[in-house]
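Input: structures, listed below.
Two complexes are shown next, each including chain A; its partner changes from chain B in the first to chain C in the second.
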Partner chain A sequence: MNGLTGAYVPGGSFLHRLPAGVKLLGLAVSCTALLLSPPVGLAGAVAVVALLYAVSGVGVAAAWAQIRPVRWFAVALFGVQFLLVDLPGAVSSTLRVVLAVALAGLVTLTTRTAAMMAFLERCLAPARFLGVDPFRLSLLLSLTLRSVPVVAGLATRVREAQRARGTERSLRAFAVPLVVSALRHADTLGEALSARGLDD
Partner chain B sequence: MIEMTDVNVRFGQREVLRGVTLSLPERRVGVIGANGSGKSTFARLVNGLALPSSGDVTVLGLDTRRHAARIRRRVGFLFSDPDAQIVMPTVAEDVAFSLRRKKLSREEVDGRVRGVLTRYGLAEHADHPAHHLSGGQKQLLALCSVLVLEPDILIMDEPTTLLDLRHSRQVADLLRSMPQQVVVVTHDLALLEDFDRVLVLDEGRIVADAEPEAAIDHYRKIMS
Partner chain C sequence: MTDEGKALSQPEEATGPSSGRGFSTGDLARVSVFAALIAVLGLPGALNVFGNAVPITLQTFGVMLAGAILGTWRAALAVAVLLVLVAAGLPLLAGGRGGLGVFVGPSAGFLIGWLPGAAVTGWIVERGGRNPSVAWLLTACLVGGVGVIYLLGIPVQAAITGASLGHAALLSLGFLPGDAIKAVFAALVVRGTQRAYPDAVPAVHRERLKAAGRR
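After this line comes the complex of A and B, so read on.
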């Protein structure tokens, strides 16, 4: 959850100042390079990614928060590859995945949501000809990001209420109130968007 | 200036407001009443979020039925649940979202956002995710996002419900210092002490309309 929404770490490094478009393009190019690179090149890639993180100044905790969600996946991947292929194969495919995730994480850590949205809005501009409003599309994405912590908060509240009433094993006692409160939230959110002048 | 003429609001079979006629030129207006008495609907009538089933609502000389969008540009609305009203992931972005239609330069937007966040003590949180704020800070953020547009009228639907004593005092001080007309729906009777006028709603009707002391007395009587 935090990896998605709480990720931006304010800073003034050159990575922070790069335009969002350049970073996303760089991410696409370097992930392709990771896939194609020979195992020897991966050692260099580890050094480059580590250097980029050092330059960005986001700190060790933020860096680990990016990798953490895939740690068990990485372990499993390593195990399977080691059994089916060999040790060098297992090392290099695990490294590829972890490095790609680390690079993507670095982009989110150093880019404000607003900058990412503005870039998306520009990329989506041609969609205007299909009758799609790019502003609405990027608003949809922002609202999605914003809704993750809100719905997580609702779920926590429902779970607490369940625990207080001793019904924590019932799936229905969890799902029904959660859906109801999510729908209620959607209603108020719609009202709030109108009040903030969205539908004019 | 807010004017209502013989306003009725029905939701299906239920009559939420009945025969409301008034004009509100005062700067500080409070609205109190039991749960379900029609307070929230009353507040929503003022910026056209709710429309009368019969009768007319005129705000700043404009009919809410025909000019809801224009009215909303000049009437700010603060909800009791700030989570519903914060639409952008981070604090500064949410305030900037209010300004998007103003066609301002990026420097101008940044300047105004920083200005309002500093005034309400949120400057150091500008780049934080909105969900890291406390309940009181979220309410302040929602208020910043409304006030950055410098509305002529501010409607607040139970603004202090989720706030601790310090934050609700802060809101009360703010209400005193704001130049705008303010209409506050609340259960927080202390907040209304120095208001110019207080309306009491009961089952969709205005049953008292007076100075705070007299209106609050009447409310206490019908609640006992």
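After this line comes the complex of A and C, so read on.
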């Protein structure tokens, strides 16, 4: 299993030093601007995004890793739009998607996961007025992070059992034991938390 | 800060676990384990049912499972927790994707659609009683796990790309057979799970919680 380290690239640029909240707000504003901008504005946006990446100093490989997931979608979108609309329309709608993804990726690359999580938790704090305890929310988040390797371990064990039984190709023989063991684990975990007084 | 928050909410929590929407620690554990389960179903190497040729992500399958087993609110919360962690930059989506890019990318609507999708699946299953049939579960998975997700995904995709609704629907059509198959498997797997572990039926779980709350 790959480590849960996030995509953060350490650095000291001004983008790294901006608070997470400011970057998120900037992202929201610029994504809206991208949606509304005329095709001419998009050419300028390409230059701005390229400049921001150069300033941040995250490197080409990290930048490509952010855009890579939408590459096939971009090709398909360009093809469909080119056939059904025209060349300028295809170019501008493809650019919009790629630029928005690149900008969001830049925020992810220059913000520590811990800083982003702290910001998101602060955003969720008003949930207190709905009767949700902020402490429980952060417990929920950290418990989920802890559960990922545990459930991955359960999945590996079920895989091995499947191989031993010769039912490797059956999705049911994989998923039913996995879900049952995940539920057992969850309910034991809940009892353990309750025994430690988290229900009081 | 956390201690203060805990102290503030203590009076409300005295009635918490037994009331319908309050979250006991048992629910908290289930929610986080299912959020983790959805993440694990997207891990490379965790499962390649049809070999590596078909890049099928089982995460929507996980969303349907969460809905059918956890019920409306807990399922929506599990998906929300996963999405918050993804937004924080963790690579928890299929193929190690994560970060904010997925929320502005072309499939953002499908991702956000997991939230009402899981909730609607749960809502329907909750109305299936103590022993929901495979047909009922399949209906829930198709309506919640496929219908609702597409209903949100296609318009958002059209809005983000600037393409017309029809074009966006055309681009999404290719995924429909796979998602329908996933719904069938999800219904079968949920049925199997609920046979082996009756507490996996939302209605049964709620009754047990109620009984425990009356101690």
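Here, the second predicted complex is superposed on the first by the 130 of 200 C-alpha atoms of A that agree within 3 Å, B and C clash if a C-alpha of one lies under 4 Å from a C-alpha of the other, contacts with A are read in each partner's own complex, and residues count from 1 in each chain.
Here is the rule we go by: a residue touches a chain if its C-beta (ideal position, glycine included) is under 8 Å from a C-beta of that chain, and two chains touch if they have at least 3 such contacts.
On a predicted model such as this, the values are computed, not experimentally measured, just so you know.
Which of chain B and chain C touches more residues of chain A: that partner is C. Once the two complexes are laid over each other on the shared chain, residue contacts for A:189 go to chain B and to chain C alike.
In the superposed model, A:150 lies in contact with both chain B and chain C. Once the two complexes are laid over each other on the shared chain, residue contacts for A:18 go to neither chain B nor chain C. Contact with chain C, but none with chain B, is seen for A:101 once the two complexes are overlaid on the shared chain. Contacts of A:172 after superposition: chain C is touched, whereas chain B is not reached. In the superposition on chain A, A:138 makes contact with chain C only, not with chain B.
In the superposition on chain A, no contact is made by A:91 with either chain B or chain C.
Judged by the touch definition given at the top, the superposed model places A:161 against neither chain B nor chain C. Shared contact residues of chain A, touching chain B in one structure and chain C in the other: 6, 8, 113, 139, 143, 145-146, 150, 185, 189, 191, 193-194, 199-200.
Remark: chain A residues 1-2, 4, 6-8, 24, 27, 31, 35, 66-67, 69-70, 73, 76-77, 80-81, 84-85, 89, 92-94, 96-97, 100-105, 107-109, 111, 113, 116-117, 120, 124, 128, 131-136, 138-141, 143-148, 150-152, 155-156, 159, 169, 171-172, 174-176, 178-180, 182-187, 189-191, 193-194, 198-200 touch chain C in the complex.
Every residue of chain B that touches chain A in the complex is listed here, in rising order: 44, 47, 49, 69-70, 72-73, 76-77, 79, 81, 83-90, 93, 96-98, 101, 127, 129-132, 145-146.
Across the complex, chain B is touched by residues 5-6, 8, 10, 112-114, 139, 142-143, 145-146, 149-150, 153, 185, 188-189, 191-197, 199-200 of chain A. For chain C in complex with chain A, the residues that touch the partner chain are 1-3, 5-6, 8-10, 12-13, 16-17, 22-37, 39-40, 43-47, 49, 61, 65, 69, 77, 81-82, 84-85, 87-92, 95-107, 159-163, 167, 170-171, 185, 188-190, 192-193, 196-197, 199-200.
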